[in-house]
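For reference, the structures are reproduced in the following blocks.
You will see two complexes here that share subunit A, one where it goes with subunit B and one where it goes with subunit C.
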Partner chain A sequence: MFAHGILRSARAGLLASSVATGLLAAALTSPALAQETIKIGAPLALTGGLADEGHKQDVVWKMWVEKINAAGGIQVGDKKLKVELIEYDYQSEGQRASQLAEKLINDDKVQFLFSPFGSGHTKIVAGVGERYQVPTIACVASSESVYDQTLKYLFGTLSPNGGMTTAMVKFFKEKFPETKSIAVLGRDDVFPKSMAEGIAKAAEAGGLTVAYKELYPVGTMDHAAALSSIKAAKPDWIYITGYTQDLILARKQMQDLGVTAPIVTMVTGPSYKEFTDGLGPLANGISSSSWWHHLTSYEGQGVWPTTAAFYEDFKARTKGDPDYVHGSCAAAGEVIVDALARAGSLDKVKVRDAIAATDIQTFYGPIKFGPNGMNLSRELPIIQVQDQAIKVLAPAAIKNADMIAMP
Partner chain B sequence: MKSGFPLYAAMVAGLLVLATTPLYADNYVVRTAAIVAMYGALATSWNFIGGFTGYPSFSTAAFFGLGAYVGAICQRHGIPMGLAWAIATVVVAAFAALLGGIILRLRGHYFAIGSIAVVELCRLVVSSWSSLTGGGDGLNLPLMAWPPEELMRFFLFVMLGILLASLIATILVDRSRLGFGLRCIHQNEDAAAMVGINTTAYKIAAYTLSAMFCATAGAAYASWTGYIDPTDSFQIVMTVKVVVMALLGGAGTILGPALGAAAFVLLEELFWANFLDWNRAILGVVIVLLIFFLPGGLLSLGMRRLRAAKVGGGQ
Partner chain C sequence: MAIYLQILSNGLMLGALYACLAVGFSLVWGVLNVINMLHGSFIILGGYLTFFAWHLYGIHPVVMLPVVAALMFALGFALQKLVINRVVSAPVLTTLTLTFGLDMILYNAMTYWFTATPRRITLDLGAVHLGSIVLPVDRLVGTGLALAMTLLLYAVMRGSSIGRAIVAVRMDRSAAELMGIRTERIYAITFGIGALMAGVAGVVFATVFPITTNVTGIWLGKAFVVCVVGGLGSVPGALVGGLVLGLVESFAGHWFGPQQAITAGFVLMLVLLLTRPTGLVGVRGYE
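Then we have the complex of A and B:
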């Protein structure tokens, strides 16, 4: 019996090693290298929890690649090179994201990486890019904590989310001078957490009392306890952060429990079309802030000369309105175009330095990186849902409605 | 011992295949080899409690995640990497021993549910304890400024080392009184207790062994990626994957779980690379088919041939 056990194990071992050899050999046959193209690698969440966001990145990057290749490609020195975008689905799993970044760099020999949605996964992908000195452009990571890792090859097109809080407190106090207290409920995750903490700080600095402040863990399916405490605190302003599903749930439970306040802000809820679609009339009155809105009228270089041009193209392709994820990601490619034009070569260090020195105007707004690699602060739009449509309240230049109290 | 030779030969051959990847393949393949080794170590660890003892434990991800966090916190406090991994291993082993004393009183489905709750509980504690663990922000580890090839080779050997250690522990347990006792518990726990096996102590030993190597692997993985967060560290999917790997290879055997891990990771790679949209579904179907038609795992293929050979030889 004993000997059989051993033999059994031995056979297994041999089988294992032969299977391993065979499959590793299969894995070795990577696709042939197409010379003379600029390759951009993008690990994307096309399935799993972040699939909605992943698809948004996917659609605008494809639009951008088509446009730029139709115009002949990217100028590098005296040559024009076509762009090839290589995407893989990382299934919203961090471990797979880093694995795919590795694959893109080693197997597909990409020269640039577009990082996936969210601050956490951006950290993971940027860590891999850093090791290989591959510049990584993050278009949906706005937490400053991502950029404090001294990653020299990471650049982000969103501006710091700190800019979203102070301006909002000031604006709301102007519109609703009787606002005295705020209740903050935030998702314990990189971006929503930093927004929750940021608003509490900004509110205190602005003379408001923070009547309630708690974080809820990722995956919370019930906000009733937190909302009841908020109800008891009777705040003038309720501020909830999270991703679309969390916020839809919170708003519905607020309705059930009769929790309300003159001002209800959800970040980033109304920035996404799914939020207003999911809530219908319940979304009315909810305010938010965003990094970009298609009503802005920026002009600049790149395949889309104006915000309106991008909006038209996007509308024609998807029949929907673009949000800040679309805008920021579509502009990410322009950073590469501009840097390559100035660097005049594909040399890693030269390209990296050229990106760091970026100072351009695009349809998405100005892009100029600070010392930490993050786009500089600017005036960000404050928005509100009115009659189930998104209205811009501020800044004054693009305002198209006045603020209303929660119905 | 003559009869031990084929086992060792197979083991060494398998490890050599993985260890030699840096000689002829690029970093991506080396990385896959390192992941095979890592999951191999996790599945081999699970085998102590799930395979030998027959307790369907789903707490692998809890041990892996806790190991990652203990290692990361140590490293952030200036403890050298190797020592941080050792501390993670000891702390998580102690945690498993204490926890085992409680949840090993449950049996069958109840134990399975209890052990899966451990993963979720650990995740919630880690994500709520922001002052220590950074909460949802996760933790950054010092990024190792080595050239990527060297770094990858280093972590391949680290993971192989952990796999080798877990395999050696398996062989030792298999040939000792402990292994015999665990198999008795597997067959009939009450009977085992009656013939004088201290079932509680044995089960706790198995559970602790199943945690140790996971913790080392978790801590090493954290140093490798340079960033961990609660959602990715405590994944229910990982816990289930590891059990499937062990069953795929052959639970309760020595090399089975590691073989299952290799097969699973490589199948996953293969389907993923060739069927981008349907890879999850295909992988699921393959697993269901394998478990239906090969309930004893891939190793039972070898067994059948062995039996056939024996019958032939006898005539």
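Then we have the complex of A and C:
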């Protein structure tokens, strides 16, 4: 968009000098640690459009660093090394994330990178990490296209999107056997688009008719035309993907235009508290899937031995409930701890190989990377908003409610 | 047939909202020759004021309308008087850079204070059914308010001495000064009215769209397109431009898929730039 483009590029240009000053200040004031430390670099979206997501990563990484350093640090060979987390705000601008990743590697000499939020920006940062053979742990990138670039140094703690679609089709068909057709509306962006395409394929494979399937561009502020077409198609299941503001608007317009179906799914809407807060009673009945939920009860190694321990710690720190972003990013640190313990050194290649061989249990669940570097598929929670609270419908082990039709 | 009537009504309601968001931007651009990069953030600031008044104190958005209008006028007036007037005669790139800088401050301050979390006023007033056509009440009210404010501004511009002074300054600044018009004051009032209309759009939008700083650039982009389509510097131009854009986006979204809806608006803009640079109802000299 023209004006948006001007705004973004001008914002980027004019901020360059202030960012440079900020980076210099950060470099100068960064504690000059006498002893050897393990440096982890994180380009973070602390301002701009992805600021909320960036802050989620920031809070759990800081929690993790405090805990690990309080315990003496990470065991590497015969030494215990403390962790230093170096963060820079890339202002939600992908290009700047790339520049800051370069700076983290070349100037700050980080040994690991934590990648920023989203598949798109992960792709950018992972490319830089690959160039310098710096292992990059992505905790909020689930699109397989990010991992299909033969990047040897990229590892992701989320499972592939595919795990969220096939299981959902099967589950909903069991619960609502009369479901025959689905309408899919997806945001034309890396993750939402891959989910929209994934669910359409899974639905067809599961015997459903795809009555409507369209993408809407980033920046869409009106879904009336698409929803009117969906209404005319009379599907049994409406599946919409996007980010929170898109989904709040879509749900509101569905209500306005009288568009409904027995099943309405929004991805990843209900995974975020902001979604249910923004919609109020309108959120009721909306289903979704998520990579993690705090009701799960995993046990394992790391600074948080159980899901409950992480939940309590998080709650005490932020007064709120953690979502999958918090869980996945907090677990990313444990991948490094485990790999360094097994590698016994900071040698890039040895550490990379150790990460590739990861097979651990954590509070977040199992982490074992497939050949492409993604955490292997596992049974992911299917959730639904009931009485404005998140209920888990599946898997059976953590289920706390039965599925209901849209009110 | 029913679906086309529905799309027509969707487009008209959306178009009225677009007109409301663009009229202040168009006025400032046309009169001051200032491309006000703050406009999108002004809309969202108006939305936040409305949201927090409702969320914290239960004040209805309609009650907040005059309050937000007054506050935004004061903010706009002060900004023009104290800051922008110092460079208002400079080339357009200078004022664009200045308003861009001010926008960065306001945008990031709002993101810092309010976070980028989308917020919404959950009034959910239901819908009116006319046969098979569904008209959401909040959009109808928003459309009514948007049209009323746009027409009120039109009346002010046509019938009041301030309005005539603004038009005079727009037509010929030097001649207006020779006639005794204090142009710097008129500039401040015009920018104040631009901010006021952005604030009003923010109040209306707070009941219809999620409020988040993420969308400031999107609203600014819509204002650009509406101005080019309708014509710069006039209230009817913004109204026509808004309605046309709303209709084009709605029908293109239905015929070619939602992916092409925004593209269709920009194609229309490009065609008009090539064939009718003054816009559909614009005045020659302000293209």
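Assume the second predicted complex is superposed on the first by the 372 of 407 C-alpha atoms of A that agree within 3 Å, B and C clash if a C-alpha of one lies under 4 Å from a C-alpha of the other, contacts with A are read in each partner's own complex, and residues count from 1 in each chain.
FYI, a contact is a pair of C-beta atoms (placed from the backbone, for glycine too) under 8 Å apart; a residue touches a chain by one contact, two chains touch by 3 or more.
Predicted model, so just to flag it, every value in this text is computed and none were measured.
J.: Contact-wise, after the overlay, does A:123 reach subunit B, subunit C, both or neither (first, second, both, neither)?
T.: first
J.: Let me test your reading of the model: by the given contact rule, A:255 touches which partner, first (subunit B), second (subunit C), both or neither?
T.: After superposition on chain A, A:255 lies in contact with subunit C alone.
J.: State whether A:217 touches subunit B only (first), subunit C only (second), both chains, or neither.
T.: Both partners.
J.: Go through the superposed model and pick first if A:233 touches only subunit B, second if only subunit C, both, or neither.
T.: neither
J.: Looking at the overlay, what does A:86 touch: subunit B (first), subunit C (second), both, or neither?
T.: Neither subunit B nor subunit C is touched by A:86.
J.: State whether A:188 touches subunit B only (first), subunit C only (second), both chains, or neither.
T.: both
J.: With both complexes overlaid on chain A, does A:47 touch subunit B (first), subunit C (second), both or neither?
T.: A:47 contacts both subunit B and subunit C.
J.: Quick check on my understanding: which residues of subunit A belong to both its subunit B contact set and its subunit C contact set?
T.: Shared contact residues on subunit A: 2-4, 6-8, 10-11, 14-15, 47, 188, 215, 217.
J.: For the complex, give me every residue of subunit C touching subunit A.
T.: That would be residues 3, 6-7, 10, 14, 37, 40, 97, 100-101, 103-104, 108, 111-112, 115-120, 122, 124, 127, 134, 136, 138-139, 208-210, 212-225, 249-254, 257-259, 261-263, 266 of subunit C.
J.: Once bound in the complex, which stretches of subunit A touch subunit B?
T.: 2-17, 19-21, 23-24, 26-28, 30, 47, 88-89, 91, 93-95, 98-99, 102-103, 105-107, 120, 123-124, 127, 130-132, 143, 145, 149, 151, 187-190, 192-194, 215, 217-218
J.: Give every residue of subunit A touching subunit C within the complex, in rising order.
T.: 1-4, 6-8, 10-11, 14-15, 47-52, 55, 185, 188, 214-217, 219-226, 228-229, 232, 244-245, 248-249, 252-253, 255-258, 274, 277-282
J.: Could you pull out which subunit B residues touch subunit A in their complex?
T.: Touching subunit A from subunit B are residues 3-4, 6-7, 9-11, 13-14, 16-18, 21, 24-29, 31-33, 35-36, 123-124, 127-128, 130, 135-138, 140, 143, 148, 151, 225-227, 229-232, 235, 237, 249-250, 253-256, 258-259, 262-263, 266, 269-270, 273, 276, 280, 298-299, 301-303, 305-306.
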